[in-house]
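Below, each structure is written out as structure tokens.
Shared between the two complexes below is subunit A, which has subunit B as its partner in the first and subunit C in the second.
Now for the complex of A and B:
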């Protein structure tokens, strides 16, 4: 047992070093190298790997790691993950802006000058509050549905993912109460205070990158630690055979609900981070395709494997954000064609999902264990029911 | 709830009782709400209800496709709604572009019939193709795999729709006359009558196919137990293909009627309607054909009442109402209205 722990802690240290090095490199790149480099280099980096896109990638990594707990670890298909993103975003909107103007509360908050009305709570507290609030919603939506078969669960989460954004879109007048400012959204969000010496407004992308990386590292650590702990092993047991797991004394309800709560917590974190990244919350951004993109990140990367999911999130958010457009522009100018590449988004995501499921079900960087489960060919339909 | 739990435990489970009581309260609130609306203006109530049933008939046709596929291979076919969407485009293409009909009249009605056949064949064939190339290889894989594949297929079909129809909505002229029939203060559109005139024979035909023919019996046998059906000499692959063809054809018929009645086509139409139709299938009890029809009509009715009545929440809450029903249903009656509870066996 002791030996086991020591192996794990070394591997933990290893990833921490790698992660810090990568984050530090990116920070240096964006903070010093790119602004001081010649114009062509500057344009290349900002065109292909822009600052804003990197920050968005981190939001997607956080979300995907959260969904990975639900889908990858516990094997519960959640098709409405965007709901937690939305809720997290709106918690940031309520607690970090002058939107709720009837109150004037300031708890270590950092309101911009002239916007002192409303509730202003420090970013770090809001992270926890939003995470907790989302976890609560995860339990509320999970509790009544978890005794159902998995495909019903998928459907209920899907319905939830449709209702929540609609509530926010229509929420400018719920019996006279303005919940969400409707389609106009809530903006601006308070700047984050960076170690007390600098307010991070919408354009301080490189400093924000540091903060987001810290949150992301926390999420990676939580994912890894949970996975090897008692709860994580219970999740995997449920994923592989629910009936057998419950026979072995795994409390099904509690274990599944905690997967939901942890996943939703991460969704809330992602929501707050995204709200500070784009300096606002806009109801119409939260649509079904985001749920699917996050799911695709988890599935393509390798369900259950933190590194696979991270790679999936980085690649897909890059393709979705700027990659496809940039590749398209390059191809169009090189071959003198006029093809609208972003319009192929649906085709690319759709066929990627289909082809992956048919030919490489376990994802690009799978866990050995997932690969075995996914290729149990002689498993009977009747048994799976 | 206040009684001694020890004594009443064998007969009444307190958890069960709470569920029953809260279910009854929700039911009562709905009945009161309906009564209030009905008393406010009976004529309008019935008009709105019939409008709702008109949509409900379309939901029923789409829901049948979901429920049949689920019944036979336990797959939520996410792409089914998008198949319906392609059906609307095929109908518009046949009636307006190929046959050039844009107004009521004998030629228009003939075009309607032609488009019905073409659209049903097109969607049925497409559905069989999807099953053949995507789902069949995954029949023995863990459940998550075919489900995600279905989502992928849905995206690919949406891409086809996007290419075919453009990114916006398109308006089309209808060959169905606009008029309405008044019975007292109740108005019934000619469109509604035509929808029912097409839907009811289709449903009768489907019932006949499933209950009276050899192929239908094979379908039911495969749904019950695939391996046993195979042992009895049933060609399971062909039976599943047949089921997909039937489901697709019904979606094609629904597509034609939607295109003619609502008059618009859009590439993202299938997602919303598909979800509503699936909710209908679950409401009726998934796997149950009568249940799907009943669920579709009910959802249409509820949606119509919510959108059209004075005390309704209005159209912008339409989706939320439908999904709230779905979630409530999952809590109170997971097997659906006509479904049976099945316990898991090893």
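Now for the complex of A and C:
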């Protein structure tokens, strides 16, 4: 039995409370409990659930929620989502460091002492600018390609996800202009001002966690509100039956583009957050496997379902970040073996995706709607009867 | 009388196959007219041209005074041409209510920002859309399924839901493609009444494709007969009933009258 109205209204307040509670717990854990714990507890938490990994997890949740708009809501396949992560990261690199030294601009910025040249804009504005810039790129890439059938769309996005990071890898000399500092990347990034009283540098992971959580909560809210409104219905209608949607007055191009733009915006947010998290932007980190991991988060979590996608992001980013390594170490020491577990990462994610596609296409925590769609034989969209 | 919808000399070719051949046709304002013909006659193809899905090889379609030939489907829909589908095409995994609300898209304004900010305008618009959707669901008699996924509805109710969704577009002309397919005689009889009621209360002109002759003869003011893409007859039910070419098309060639 589907009770959609309950999804939007009653759970709205509940999720906010649950989310805040979880974030508060983690903050207290990392800020107070762990530092004041005996060494073994400290080592255990930092080994298996380090706060660096938790922050990265938040980045992945933001990214996955963004991709969920494109893939889960609107049903458009995107295999190059990492491109937006990269672009968002570089926007942070350009606007929050001394890298563009020809300029000296400071808009509520927070440059570290001695690094005042370059552009320094406050983190919150950079978030919006990066999101907007990525949304623009989403539209640029989407406008010519969204007319294509989904297979071709997948190919084009795949190419986009390959090309953009390559541009940054090779971008230290574009007609004499240094766009990206090549493989050396851009670092350091300006510290974030924590509500005006503290600079958050590379080691303030716990306070940064609070800020990232706020952004993540914002993205959850965006996902839920858009879903329950006019645009969300149009996205789902397109996912369900594109032709019928257009004949009910839904403009296909514009609606698909808006899904792309919103997804890309979230990708940009994730990029900025990640840049401040690792205190830099490094082109080589943006590779295809990231697009696939994020896609796996959306697919595994149950396409379209915000909570499922969040769980998918948490689990997979943990496996990808430290889980596999730690499990491997444990196994290696226990059985006295010497297996390089993290090197099986792709094998695991790849097999997982394939197995999911075969046996549980709707993900582990599916929305009822996706479950039904996925197990239905593909409808023939060509001939309208 | 003015025509709500007028199609002039429509021809549609698929490669070598001429699915619709030089067919002219009109729906008078406030009228109920039918398009009939044996299987494969080109009826659905004709609908697809009217609704902008197919570009006709030649010919012009007018909705009111507006030329809508080959304009994008969503524009045509917005201008007031709504349809149902021969094979039901609901948004299966959206609720019945949401299905109806999708069709209100072009009459609503709220974009991304208003939705995110939940502005008073957006909330009012949503509330109105919800209320209107409930009304329409009740109107066609599937109100109790409002929160149910469309694909979980019984077959006949899915057809009703399609009508509700089409009405949500506030159409001037409503195209129904075999709306009684799969209905039993009682349901079909009730449907005839329903179509008349919709015409009166929703102020729409109705064009239906129908195989069930008892429905066609009772509900239509005028009937057009297609056979192999050609218009072979046009007239009142009585004229059509006694038209030799129609009888031949139905009985002589394929004998599929009352088929599905």
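Quick note on the criterion: the second predicted complex is superposed on the first by the 367 of 385 C-alpha atoms of A that agree within 3 Å, B and C clash if a C-alpha of one lies under 4 Å from a C-alpha of the other, contacts with A are read in each partner's own complex, and residues count from 1 in each chain.
One rule holds for everything that comes next: a residue touches a chain if its C-beta (ideal position, glycine included) is under 8 Å from a C-beta of that chain, and two chains touch if they have at least 3 such contacts.
Values in this document were obtained by computation on a predicted structure and should not be read as measured data.
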Touching partner for A:183 - first (subunit B), second (subunit C), both, neither: neither
Subunit B versus subunit C as contact partner of A:249, first or second or both or neither: second
Contacts of A:167 with subunit B and subunit C, given as first, second, both or neither: first
Touching partner for A:357 - first (subunit B), second (subunit C), both, neither: first
First, second, both or neither for A:349, with subunit B first and subunit C second: first
Contacts of A:77 with subunit B and subunit C, given as first, second, both or neither: first
Chain touching more of subunit A, residue-wise (subunit B, subunit C): B
First (subunit B), second (subunit C), both or neither touched by A:258: second
Those residues of subunit A which subunit B touches in one complex and subunit C touches in the other: 243, 373, 376, 384-385
Subunit C-touching residues of subunit A, taken from the complex the two chains share: 1-5, 221-222, 225-226, 229-234, 236-237, 240-241, 243-252, 258, 262, 367-370, 372-373, 376, 384-385
Complex interface listing, subunit A residues touching subunit B: 71, 75, 77, 79, 141, 144-145, 147-148, 150-152, 154-156, 158-160, 162-163, 166-167, 169-170, 243, 288, 292, 295, 299, 343-344, 346-347, 349-354, 357-358, 361, 373-374, 376-382, 384-385
Subunit A partner contacts - residues on subunit B that touch it in the complex: 73-76, 134, 137-149, 151-159, 162, 167, 225-227, 271, 275, 278-279, 282, 316-317, 319-320, 323-324, 326-327, 330-331, 334, 344, 346
Touch list for subunit C against partner subunit A, complex: 44, 48, 51-53, 72-74, 77-78, 82-83, 85-87, 89-95, 97-98, 101-103, 105-108, 110-112, 115-116, 118, 122, 125-126, 129, 147-149, 151-152, 165-166, 168-169, 177
